[in-house]
Amino acid sequence: MFMRIDRLQTELPVPKRQDPNAAAALQELLGGKYGEMSTLGNYMFQSFNFRSKSKLRPFYSLVASITAEEIGHVELVSNGVAMLNAGPDKPDGELGGQDISDAPYEPMQDARLAAAFLSNGGGATPVNSNGASWNVDMVTTTGNVVIDLLHNFHLECGARIHKLRVYETMTEPTGREVCGYLLVRGSVHAHAYALALKKITGVAIEKMLPTPNINLDKIPECQKYLAEGVHRRLYRFSPDDYSEIAGIWANGEVALPGDPPGELELVDGVPEGGRIHDLMGDARAFSPEYAPEEMFEIASKLYKKSR
Amino acid sequence: MFMRIDRLQTELPVPKRQDPNAAAALQELLGGKYGEMSTLGNYMFQSFNFRSKSKLRPFYSLVASITAEEIGHVELVSNGVAMLNAGPDKPDGELGGQDISDAPYEPMQDARLAAAFLSNGGGATPVNSNGASWNVDMVTTTGNVVIDLLHNFHLECGARIHKLRVYETMTEPTGREVCGYLLVRGSVHAHAYALALKKITGVAIEKMLPTPNINLDKIPECQKYLAEGVHRRLYRFSPDDYSEIAGIWANGEVALPGDPPGELELVDGVPEGGRIHDLMGDARAFSPEYAPEEMFEIASKLYKKSR
Amino acid sequence: MFMRIDRLQTELPVPKRQDPNAAAALQELLGGKYGEMSTLGNYMFQSFNFRSKSKLRPFYSLVASITAEEIGHVELVSNGVAMLNAGPDKPDGELGGQDISDAPYEPMQDARLAAAFLSNGGGATPVNSNGASWNVDMVTTTGNVVIDLLHNFHLECGARIHKLRVYETMTEPTGREVCGYLLVRGSVHAHAYALALKKITGVAIEKMLPTPNINLDKIPECQKYLAEGVHRRLYRFSPDDYSEIAGIWANGEVALPGDPPGELELVDGVPEGGRIHDLMGDARAFSPEYAPEEMFEIASKLYKKSR
Amino acid sequence: MFMRIDRLQTELPVPKRQDPNAAAALQELLGGKYGEMSTLGNYMFQSFNFRSKSKLRPFYSLVASITAEEIGHVELVSNGVAMLNAGPDKPDGELGGQDISDAPYEPMQDARLAAAFLSNGGGATPVNSNGASWNVDMVTTTGNVVIDLLHNFHLECGARIHKLRVYETMTEPTGREVCGYLLVRGSVHAHAYALALKKITGVAIEKMLPTPNINLDKIPECQKYLAEGVHRRLYRFSPDDYSEIAGIWANGEVALPGDPPGELELVDGVPEGGRIHDLMGDARAFSPEYAPEEMFEIASKLYKKSR
Amino acid sequence: MFMRIDRLQTELPVPKRQDPNAAAALQELLGGKYGEMSTLGNYMFQSFNFRSKSKLRPFYSLVASITAEEIGHVELVSNGVAMLNAGPDKPDGELGGQDISDAPYEPMQDARLAAAFLSNGGGATPVNSNGASWNVDMVTTTGNVVIDLLHNFHLECGARIHKLRVYETMTEPTGREVCGYLLVRGSVHAHAYALALKKITGVAIEKMLPTPNINLDKIPECQKYLAEGVHRRLYRFSPDDYSEIAGIWANGEVALPGDPPGELELVDGVPEGGRIHDLMGDARAFSPEYAPEEMFEIASKLYKKSR
Amino acid sequence: MFMRIDRLQTELPVPKRQDPNAAAALQELLGGKYGEMSTLGNYMFQSFNFRSKSKLRPFYSLVASITAEEIGHVELVSNGVAMLNAGPDKPDGELGGQDISDAPYEPMQDARLAAAFLSNGGGATPVNSNGASWNVDMVTTTGNVVIDLLHNFHLECGARIHKLRVYETMTEPTGREVCGYLLVRGSVHAHAYALALKKITGVAIEKMLPTPNINLDKIPECQKYLAEGVHRRLYRFSPDDYSEIAGIWANGEVALPGDPPGELELVDGVPEGGRIHDLMGDARAFSPEYAPEEMFEIASKLYKKSR
């Protein structure tokens, strides 16, 4: 079972301008082969299909717990996409009833992924940066523990190069923050899968990290997270379960050489996270509606009833 | 953010025989257009892309909270698939090292979705009952609240007919239980979206329920859930959030006429749920490994370290 | 614009038994690369995209008119699929309210394309015999007249080998009739595109026909159509348009050597066709409903009002 | 069976400039999930698979007849796409033999959907505005009458928001006219499916209309159609069939409140429609040919023969 | 550039019976995510896209050379599929003109992947064992040498588990031989990519082999190849190029511990290979034709001319 | 079996500027329906599935041999794509360690197929010019010799119009050279399949050539190849096999009327070809690595060892 908390894993700054092609680039990290839908899909199905769970508890718990974090990554990138497509807050953004006969959506025709506007009103969907759909071919769940962990290690390394390149295309702080945060957390996951593989096979595969061979200290947006030690933490992302991860991530294992030093630690619960941005309405997109005032009133009454 | 609890939403009985084609039928409820990946994908992206959240809180909270339940549905169906593909527990199931030269996997050639065995060792993946992948075309997130809610209402009705038909193909209790539980919960979701639509539009669309026009009392597996009142409950699936749902689901709204009567209620947290079955290993599938004994030993030591 | 007539191009005999795998084989002729969705899709988009229509009228009219016939072919194969999946009429077939708790749909689990039952209640959809979707990769519309006509000629030859093979798998008369009729009409289309190419290029490409190199006289189901001269007729499938086809199909051109001799003729309107079979309801499939009696009554009243 | 008439449902003005990205936006209404291929595909297969047709005649006839109109919608959007990709008529447009060595097609490289030019010479194909293919996942045909009608109602509402957004991107009159006409006709279909649902379930779901909540009077291109009463008419699109629709659409039912008032009426046959634009040739695209003069001459002779 | 030699990499025994579901299982090794189209596609595009080739010659040459071997693997599996679908040679197999009216192809309806017969006459195509197409999502070419090599190492391990499972389904010697040979060669490739990674990163990742953890000595079909030392050889698969591979594969590196001991060696050219089986014609499949005698005669004359 | 030679079929000039949209256009010739992956896939699987090979040797050899040439075409287009995406050589291109925090990859956001950079670092993949994947629907292998040859003839004509249009978009010499070379070779293949069809059917289908109806003398980049007689040559692309092609291509058959006259000839081996360009590294793309100097050093040592 899964629970939801109405916060993002980290807070995203509001963009200073609408930036549809930046949003489109960010889609690579959402619905691409090495995006967050893929990390989610791989770990989720691997955890469902895991055999001999009780005898392989630390390994099962690692995969099962990271699954929960990955849903939050899908959420984070999606929020980034929607914010970049929406642009800065407008004081009168919630007002409806505009004139639609003068082609107010014309600029959307030239957005690289125009369907994001025509179909989704600027929202995120599970497609890559070329608009191709996420699908089952991006899920590996063989049931063999070594192959699945090795796949996951490779997946996180592959995800890292994608995040780095997407980061390098970004000028808006929203997108840069998404990449910066994910680079830190992705490094943790690559490290964790490497340690799991090392425990089983004896091969010190974590020595391949970081791949690509660039340290996080080159990326300004990563620094606050490194300073907090986020790169040394796995969260259990669970009220009571998955503490067996400590058999892999903890017990004297330490941060990677290129990162701020310190012991790895398994942290209870979830990170503090940040506020979810309240995306403003857009009457041109009929989102939430053309003239939403009445709907707002209804919602306000229902809200009061619910207290 | 999302958290994970190491339990299923309901406990599944262990199958009495391996039943690959039943598992394949169940895949329709996992990766089909009207399966749980679709309900998850629709509500997840709608909640991420929701505009004017703060002004439409009860509606946002409804979609956001059900998202969390749906991940658990994906988990439930996936467990059902993996259990039906694995068959009953075998006392010596965890022992490895069998002779693989005498075609021990021959029967898998005739399984309708043979790739489930050849590629996934009997595990679940996001495909439908014909083996076609789940994809973005099964996600609707227009950003318009009425259209999205209407879509969701239709989606839950469509999901119901799929569950009913899959149920009618099942002779193993594992698959029947999956369908029975999902039929009750799916009815709740259809009802909830209907009430949300009624609040906004004034149209009593819940009077279309149940669709198809058959009551849950015809399905033996639903009875214990109805007796407990599961059909009248929405769980918040959150430690602290989404209580605004009570503006829609509660406040004097009552169960559908064909179901046991009573008021609708919003319940804190999650259902008690049931144990996740410990799928036994299968050396033929090299899952978790051909001869996993050493791996078990390593895991056992790591487990002890984690305590 | 298009009009519809509530008849099939030829009447199909009711199957003597339910035959899901025959229906699945027939799907190749519906949604496969060389199926009727493809012939429809190719000619439809070619006719929409046709340039210099007024200067190339006979060629445009040929493609535009055959488009209309192809929709009817899609209809014919779809009816065949639905009939084979439904099986023979049952006297009490329309009665509803059956017990669904005893796995009445169990045999559908082993149907090759089980989703046809689980999702479509036995109905046809645009997929091939392996359940893969029809899509844009099966449409060629280059806008170059010679290439498009050459593609169409090849497409009809390819369609012919598919029809022949599907025919060879059929024991039920419904499926055999579908194939028999389509073989005759497909031969006409191959012949017509060949003549069109000959007019432009001077190459007597119709001498490649029939391909595969087997005459229709080997197929009992084709004989009544050959006797009627169906192989020599192009219908205009239009109230008033497309008579320019006579510049290509008529004017002394004659039947292929292996077929009954005679001049080719352009026929006004549509063939007489046959009755559409009234598929009986199936309460297990909730199609049209679990207990449709009330719905029948409503429909009956509305019907009377409409008179 | 289907017949074809060589006219469009409404006449489209010739664009004043070539506008490839407008054409790409229009593709959303052709091959997108809520585009005309989808409405066509849904109603076509639902009508083929309909059970108990004779007992549910008014409902069957509604779906069957609208199918025919939808093929014409596919035609209309396709013509719009091809016209916007072609641009204004050029006096010497039909002349061939130009110099191709100086990159005369260079601007096409930057067209959002460049394959429309490279592969289709500017023609339309069944893809959405991101170039992704239409496919079976966009077809719902469960065989349950309420679910299928509910799906169709939702589909038409979803189609409406897509049309509105695409309209808002358009500056060329060709594309605006396509959207304006389809908005009126789509509203009719949404209304019709709502009434059908109301007849069966008693739920006044037509009160949800219009969705999105904007009246057609905001759209200049709709006004002439509203003035003619096009929003109150269903055409039978058939020489003799489908008159039972009058049980649903007629009999005192009236126009939606936001539209010009009046009774709904079932009209025999088809609308008068407009001329299909004669797309000029483009030697750079080898469409219809590089130097088509000889081909024109041949066609001219064949045309004369056909008279 | 590539050259072709009219031999298979190893000779395949003719099946003793037609075995369509075995052929369908083998398709997983052809068009599945971990099949030979994928190994080919990955190495081919990586070699095309390789940057700094001249400075990274041994690594480039490794990937470039294995590409050539993989085309031969695609050929080998395809031959296996076609042979299993065709069955044993029949003395009169080449004669044509059979009666097709008595459903001679009926058994093909129940073949798991019936389209292989209906569309391809028993031939192989790039699909997996569920009939889903190979596609770009199965290609990783990031351009980063470590990530690409790591991907390839994981791909070969994943391919190994697929080969093992497919092998375990096989009772016909044709399919077993395909698997046996590929298991030996795939092990070589996994080993080679491991050594390449070790050279760059210093991580002894080859110690993870074999994965899954079963030695080739358990598989009778592998023994003759092990005895010949095939597991210690990389062929250059080139007349003159790629000798730099010896910097990785050779120079004192030795066979894996579970395999017969010995030094690794780079071999000039190609293996001796075996004869390509001369698949007999099948008149029912119109392959090569319904009555091919005349075609044989023509071919015979052309053959003589060519001498 | 296949061998590889480390040269391109023709040498490509280095582009004078980075031209991502030209690369994207060239992708149509790589992964489009009428691109080189398709010609490769068709002939490769047709040759694997060929029945009665020994009796139809000249036809088998033709298809089998051209397969080998087509892999080289895939290579040629891929090199062109990668070169256009990389742009001109930079003196310091191989140096690494650049500052990545100032959005050095920002222009890639606006590249039409941005994923080519984000995922592939500028490399080629099997997708078309809209980013849609190559797949099995682009492969025809019916096993009927006439249908397959006819398909291939149509495929080469279709490929020709695609090459011509892509050529017309190119201003960089790299892309123009790719198109120019492929136009000459594609014409040879169309001619060859036409002659094969003529031998079997007696139809002089080669008279349809060239299609589109423009001679190669209009394309400056083709002239040097025509002057060398490349349009009259089929290479065996094999050390010892496929000489039976001479029964079709030779023996008095001559060049097409619009091309420089002369006899057709079957040439041993492969064309001389040209150098593969040494694509420079790009630290921003982490390709081959962020700071590859150490990797270069390792490679250099391994290279020396291999001598």
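First chain written, first letter: the chains are A, B, C, D, E and F, and each begins at residue 1.
One rule holds for everything that comes next: contacts are C-beta pairs under 8 Å (C-beta built on N, C-alpha and C of every residue); 3 or more make two chains touch, one makes a residue touch a chain.
Bear in mind that the values here come from a model prediction, so they are computed numbers and not experimental data.
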| query | What is the minimum number of touch steps required to go from subunit B to subunit F? | reply | 2
| message | Using only Cα atoms, superpose subunit B on subunit E and state the rotation angle in degrees, rounded to the nearest 5. | response | 120
| said: From the C-alpha centres, identify the chain that is farthest from subunit D. | reply: E
| Same-residue or different-residue interface between subunit D and subunit F, half as cut-off | different
| For subunit F, which other chain has the most distant CA centre? | B
| said: Count the C-beta contact pairs for A-B and for C-F, then tell me which is higher. | reply: A-B
| note | dist(centroid_CA(subunit D), centroid_CA(subunit E)) in Å evaluates to 48
| query | So, what's the distance in Å between the C-alpha centres of subunit F and subunit E? | reply | 23
| remark: Chain-centre distance (mean CA atoms) for subunit A and subunit E, in whole Å, is 38
| message | As a quick test, compute the distance in whole Å between the mean CA positions of subunit B and subunit C. | response | 39
| task | Give the residues of subunit C that touch two or more other chains, as numbers and ranges in rising order. | result | 33, 112, 119, 121, 127, 131-133, 135, 137, 142, 144, 146, 161, 212-213, 285-286, 289
| said: Run through the chains and report each pair that touches. | reply: A-B, A-D, A-E, A-F, B-C, B-D, B-E, C-D, C-E, C-F, D-F, E-F
| remark: Counting only contacts in the complex, subunit C reaches subunit E at residues 21-22, 24-25, 28, 32-34, 112, 128-132, 161-162, 164-171, 212-214, 218-220
| query | Can you name the residues of subunit F that touch subunit A in the complex? | reply | 99-101, 103-106, 108-110, 112-115, 117-119, 121, 127, 131-133, 284-286, 289-291
| Can you list the residues on subunit B that touch subunit A in the complex? | 1-9, 31, 41, 44-46, 48-59, 64-65, 67-68, 71-72, 74-75, 78-79, 82, 86, 94, 119-127, 133-137, 139, 141-146, 199-200, 237-248, 250-251, 269-271, 273, 276, 278-282, 285-289, 292, 295-296, 298-306
| field | subunit B to subunit D touching residues, read off their complex | value | 33, 135, 137-138, 140, 142, 144, 146-147, 150-151, 153-154, 157-158, 161, 197, 201-205, 207-208, 211-213
